[in-house]
Amino acid sequence: MFLGYHRTQSGVFMGAHLSFADQEKAHELWEAIGFFSIKGWAPATSTNYSLRLSEPERFLISRSGVDKARFQKSDLIVIDANGVIDPADAAPSIKASAETQIHTAIYQRFPQVQCVLHTHSVLGTWLSQKFVKAWEIKFSDWEILKGLSGIQTHLTTVVLPVVNNHQDMKDILAEMESHWPNQPHGFLIAGHGLYTWGTSVAEAKRHIETFEFLFELKQLGT
Amino acid sequence: MFLGYHRTQSGVFMGAHLSFADQEKAHELWEAIGFFSIKGWAPATSTNYSLRLSEPERFLISRSGVDKARFQKSDLIVIDANGVIDPADAAPSIKASAETQIHTAIYQRFPQVQCVLHTHSVLGTWLSQKFVKAWEIKFSDWEILKGLSGIQTHLTTVVLPVVNNHQDMKDILAEMESHWPNQPHGFLIAGHGLYTWGTSVAEAKRHIETFEFLFELKQLGT
Amino acid sequence: MFLGYHRTQSGVFMGAHLSFADQEKAHELWEAIGFFSIKGWAPATSTNYSLRLSEPERFLISRSGVDKARFQKSDLIVIDANGVIDPADAAPSIKASAETQIHTAIYQRFPQVQCVLHTHSVLGTWLSQKFVKAWEIKFSDWEILKGLSGIQTHLTTVVLPVVNNHQDMKDILAEMESHWPNQPHGFLIAGHGLYTWGTSVAEAKRHIETFEFLFELKQLGT
Amino acid sequence: MFLGYHRTQSGVFMGAHLSFADQEKAHELWEAIGFFSIKGWAPATSTNYSLRLSEPERFLISRSGVDKARFQKSDLIVIDANGVIDPADAAPSIKASAETQIHTAIYQRFPQVQCVLHTHSVLGTWLSQKFVKAWEIKFSDWEILKGLSGIQTHLTTVVLPVVNNHQDMKDILAEMESHWPNQPHGFLIAGHGLYTWGTSVAEAKRHIETFEFLFELKQLGT
């Protein structure tokens, strides 16, 4: 709703040094963030988003603490594989997302992944807490499951891992380790929200929409 | 929300060879798709939409795999009664909807139908699974029933068929065969969503809105 | 959402012969209709709206069968106290709302009323059916009750009458007769929706929002 | 949605005599009000909003009785610490919010507070009534709690006070007195809605979004 009519005071689009192809992807990511905000899946400056840039070991990630209803393209900043901000984007007031480590770990684990999205919807938060002891949520036989990459039939069961919430990102990732061999499409952090990814911004966004739809079905019961 | 500010890279409006009357209808269909997307009834690139063109045995149908929040008029492509894409619209990356057969079968079955719409709301999906064993859902005595063509009083019962979900569209249609003599206004595919149609885009859209409203009433209980 | 970017084919604003003050009110009413549409309180071409014009015994009313998401100012037409369309607005395709009689009866009953609004939300529809045997719904002690004209404290009980749905508007009005001495702020028609009114468009809209808020509270339970 | 396209008849931006920095804050507050309106947290002309101006003992506050879907910057008026309207903004039709006293009391109690926001959502209203006898609502272990200033870990319990609704603002404030030593982030008035505040418009808005998110989780149950 509010996207685009608010301007940065600096007026600088930080991604201006990106290639044309990367700027196209950044635009698509910014549109997706606006979509999530309108849906109510990005409340209270929570959530974070990134994409892999064409230059090796370089990523664009949302900076910390920004209201997603007012998020601008210039709030996407360049980091390296260790999460260090590119000098061109660095400023005292600018911090990469507190969860940068999760993003970089996903890119390292899945070399084909181009985009990582983390939303924080009410239902994802609520269900993750409800299912954390089971350490997973199962979804079966819904047509919408085909929204997940590689799923060709609704006659299947998809397992979404749920890990405990920890203050230290390393502990979250350590708990994820045992889930990763199963090639999940994403995971929930208990009481916190959803991570998913894809080989493009469009695919990652489709995964978010698919899981949020499945969360609504789960809440209604079967 | 996002309708219209994103442009195709080709910049070509594929329907440019349509008659003026057909372009008006295409515009109205595109507006309806935007409306369904904002409502949350077209998540994760699901759903498909078509209309009958003025030239015999020619139809406009949404192409496969497009995010409905970013859907453009050029994502509507021309097909014939067998679902074959018009050479003017053909390109390696363009596929007609996987459910094209359902659309063409409806046009063949009901010669007066001008528009077929398929949405995929949470409640339609959930109710269809709940009622698939009954093979139908009944709605009675609501004023909104007058939103369905031919219904003149709320003192009536409307039956919405529910068919099982199959991977092969032919199996879905075969199951529909036994329902069609009852002249339904639409049908649900279990765990999948709603098909409805009308003698105009406006009438078909009104049918979608009527059924979605009835789904909400059904979920609240009576 | 879609308001304003769709144009009538005729391009004629039917209300062009209205006084400036009446055109201001018509604009405000048209904005309110867009608001109700976005809220989902005006589905499937249902609902109708009117205002009293400055000329005696003349009213502006929404014409029948228009999608409220595409409603234009030119879809407001001038009628007299008997519901007869002004010759300047008459055309074969144009009908006043089927419920015009309810509007004109309210204007006759309450001379100070300037605007009558009828919405058709899921909760209003559902609650009206649930409470029709009690013939009323009571709301007590909520701050939002002050949204109703004349209510100065939340420490009060407001009674909203519920009448049975009838095909003939005269039967609905006959049933309303016995409620009117209690000076209600509006009434529900069972399975059908809400009528309310006010001494201005703003007041009538505030009444709609107040009742819809109360419906949500009622559904949550106390 | 409707923000910005409706103009005041006077065409005067009442805050035109504000400093540039204050005008920036006023713009941000006006955006936040539009956001709350779209969310449905500001129905039926309810709710009120203010910010501390750079000049000592001067505040900008929303004037009474305005539809928040049509709220304009010129509906923000300047008051002093006693709630008296600045002569430049005074007019017979203009009243400061009926709850001005609550705003000025919060600014006096917390000198660092720059912005006070009061919303009126269905869930806040409903929960406040449900928990008024307990005189508080507790929220524990949710990640979103970090949306509240000073909260660094989700492993905590936040207490939101609930006070009874009174016609006289002084009685509401008297009841708040006993809660204030606990340094709450906000409070609920039973059957009425939420007050929260912050050291900036952005922080206060983040608090609103955090509490609304927590209300939805509470309604779903644990």
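So that you can tell them apart, the chains are marked A, B, C and D in the order they are listed, and the count of residues begins at 1 in each.
Here, contacts are C-beta pairs under 8 Å (C-beta built on N, C-alpha and C of every residue); 3 or more make two chains touch, one makes a residue touch a chain.
Keep in mind that what you see is a predicted model, and the values were worked out from it rather than measured.
Q: Give me the chains shared as neighbours by chain A and chain B.
A: Intersection of chain A and chain B contact lists gives nothing.
Q: Shared numbers divided by all numbers used: is that above or below half for chain B and chain C, i.e. same or different?
A: different
Q: Using C-alpha centroids, which chain lies at the maximum separation from chain D?
A: B
Q: Provide the C-alpha centroid distance between chain A and chain C, rounded to the nearest whole angstrom.
A: 44
Q: Let me have the rounded angstrom distance from the C-alpha centre of chain A over to the C-alpha centre of chain D, please.
A: Centre-to-centre distance between chain A and chain D: 31 Å.
Q: Enumerate the residues of chain D that touch no fewer than two other chains.
A: As it turns out, chain D has residues touching two or more other chains at 1.
Q: Answer with line, ring, star, complete or other to describe the graph linking chains that touch.
A: ring
Q: With touch defined as at the top, which chains are paired up in contact here?
A: Pairs flagged as touching, ordered by label: A-B, A-D, B-C, C-D.
Q: Which part of chain C faces chain D closely enough to touch in the complex?
A: Touch residues, chain C against chain D: 1, 31, 34-35, 38-39, 141-144, 147, 153-155, 202, 205-207, 209-210, 212-213, 216-217, 220, 222.
Q: Within their complex, state which residues of chain C touch chain B.
A: Touching chain B: residues 1-2, 6, 40, 43-46, 67, 69-70, 120, 122-123, 125-126, 129, 165, 167, 189, 191-193, 219 of chain C.
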